[in-house]
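Input: a single structure, listed below in structure tokens.
Chain nomenclature is as follows: A, B and C, assigned in order of appearance, with residue numbering initiated at 1 for each chain independently.
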């Protein structure tokens, strides 16, 4: 076409349409649809590639006096457990300050955790020293939120993508350029643009560069921290489809961190909901999005604006959460959500609800778990904790000893509807 | 309320438009050439109603709204067309009259309240300043009382003590409430909200949208909600204006536009965002390519290079002729800028089954 | 806040000790021997034996660390100083006795510091008023011909070497034309008007030479701040332009300017060597310069360096504390 943007060059005809990084011929709608994906599907048989168990990250707070004593901790992540299946995706959602980004940084070992373990291919990433960690870094890569600040503006794209290849000795020096060009092609950029600088690319294209850099080391796990939230709406879908392409082709497992519940739902067959450093509900897509039992998950979902609402007109009824997320320095006692929870009772201030398995692939941490409008009036957890309904010790009860939250799912669970234990 | 409205210049059944924008064009001369930020834009908003303006970065949605307050530097912006606020012409108005308009009859709230509030002044000082500039006879004490009253109105707990806090001492949601309180302190007839919830978490966003609707009911003000989020539009707007490359490409009632969109760009926006409740067989279908440069407008439809439905228009009409903004097949209240002969049928038959299979089946 | 100040004071003290020791050691171990002029000036032939004896009397044979310890001890509690022929009872704070003039360094410092402080204040007033105003003006008319004129004018001034500027001003404005009164320092206790007259031209030259840097810095800060969201908010509130410019933009832009100014002022108090030397002002800078003449006047050099370092360290501290008052985000958590 005659009206190409100034910097554009002709692209090879055989390149996939989504790969076009210039305004060129748009494909016909049918072809466009063929290059997109429906929501990712769960593979229940996939073995976990990353198992996170009771992970904790406390950041110390120093006093302001002459001698700077430690006066407390920011409990950014406080004992979370989950599994990321090989080649699959786990979504981590929650509001700002819930600890989801900290979790991503722990897994890529930008921070060393305060406690817990992160098992990956026979290693515990939480215990390794920085030196021992080095060969493993290529296996766990990160895609950052801000495509503008995460690329060094003084390096060419070829250097940005090629440097990790050289550092880790993945390809001989004379083959680096060829590999860089292959990677650019994979993420849908023109391979001839390897000697350009980041500022010559748009936001969406920069995010593709970030993905190519992460992909260069052929990682087994990618941590994507809000990978599309800085992009324009029409570009978000391009990047999500690209990540789906990459997952399908290279079998990379994703820990997908985002606040956008709809995008997480599309990309992740399994989702964990975090609140103030804890996982409050975790499960497969159907359990979380259609049968959420935790009042916080329900409030989050009901707060998401819905395009279909336009057809009905007006605002729909939703669960209003009052106030703000409390400080993680002195989190509320018992259940951390209780200060904003419409269901909170006495027991919630006294005991932290255990993360109980309530379905084949569904766990919830609430004393009164139930679907909207069907929350029980008496705490379901009282007997397990050995207390009465107000949370006071009950001498007659025999508390369950095994309430630690383990990653993954058991074959038996407590069915909330029948109030009995069920088995797969 | 089906399509009793006609095109941009007439009002809704509720009353005459309070804001009337006609053929607005905004150009900025730059070193690279003339940037055509807004071209031939017309729309109107009556009191008590909300117009949503949707578009991506560079679509002209913010530039056009800043023009309503005359906030563009006269030396760097060339503005033509007409903007009438309550019957008064804003384009070409002198600085003095503009100042009496700003923050008084028309006020604006911005996306990032932390950046938009002055970091070194207490929120009470900032609110009181906004009040006193338009109420010169008010004493400091009266202005402070008014500030406390407004903080209370927007739901800030213990406003009497928080009035003396600095912006950084508030949470994100509370800061946006402060911003709204400042915007409404002089009872404006028109409130322009530029992505007021984009930086906020969903539960806080919901609180702010509720608040804006409650306040609108109370004050009967006209609201312009600028956003890129069609979900927000669906929840709060009565009418929608979709902008692309500085132009209106689709305009009508929210219900019409979101249930029977007739412009492929609007389809693209709808298909780019998954719905939190939709069928999992839905696809996220991106809009290929990137937004066009505003420096050298194309001769034809600005969306043509990215349009996946261009092959359904005979000949090279799309690349040679700019489509006019006119009614499609769904009545005079729904206008679009597209050459497609029967867009509604294409949407129903091709697009909807891919992006919302559940809805397509129902039809 | 108090804890912060105490911590900063402690670290400042360590910096001062280190700086003074390094200077003391460099000159103490250097090739110049202060005992020689004493030996030669005392009449009679200066035999090597006599020289060694005087060195011993003056304590120049001691290891550098103990000599330094003696010097620092003098500051705290005073000391006896023996110059062979004459002995001095130097009371605290004792900075020693000048080898050259045989005056107490502390006494001379008290005299010398006054013109330096006055010059620093005078120069600062000029460059703050001229520089900051120019910067604001240029920023508020960014891209206009006023802006271009101010920017290129300031570049022109700052491209002239400073000592040349001093010389030109001195030659043309006092020596040849008498537009300004003769420069120099005339004790303020005698005739304050004469004092001001003597420092007028030096202050103006110092101020105008420094102003371009402040103009450019202020312009940069203001341009950045004028693009900030809160300035747009202020305009959207309907405030008059002057109020937007001064109450909102300048209030935010001034914080980094104050920071830079604090550091600059500290450096000015440490002595402006060129200004003082060319305009013959008997301040700290000129004093230190003279002390470098052979033979080295070690006590004076050490004193000037110590004073300079103290001013710079203290101004750093003041800037940090001022920051807390100027920016509430620092003040409160």
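What we mean here is this: a contact is a pair of C-beta atoms (placed from the backbone, for glycine too) under 8 Å apart; a residue touches a chain by one contact, two chains touch by 3 or more.
For clarity, every value in this text was computed on a predicted model and none was experimentally measured.
When each chain is reduced to the average of its Cα atoms, C sits farthest from chain B. Which two chains touch most often is answered by the contact tally, and the pair is A-B.
One simple way to say how far apart two chains are is to compare their mean CA positions; for chain A and chain C this gives 56 Å.
Centre-to-centre separation between chain A and chain B, using Cα means, comes to 31 Å.
Not a single residue in chain C touches at least two other chains. Residues 69, 71, 75, 95, 99-104, 107-108, 110, 112, 115-121, 129-130, 133-134, 166, 168-169, 182 of chain B are the ones that touch chain C when the two sit in their complex.
Listed in rising order, the residues of chain C touching chain B in the complex are 143, 228-230, 232-241, 248, 251-252, 326-329, 332-333.
Of all residues in chain B, those touching chain A in their complex are 56-57, 171-174, 201-207, 209-210, 213, 228-236, 254-255, 257-259, 268-277, 280-293, 296, 298-299, 305-311, 319, 350-351, 354, 359. Those residues of chain A that touch chain B in the shared complex are 1, 3, 5-6, 17-18, 20-30, 32-33, 36-39, 95-96, 202, 204-205, 232-238, 240-241, 259, 261-263, 265-266, 285, 289, 299-311, 313, 315, 318, 320-321, 324-325.
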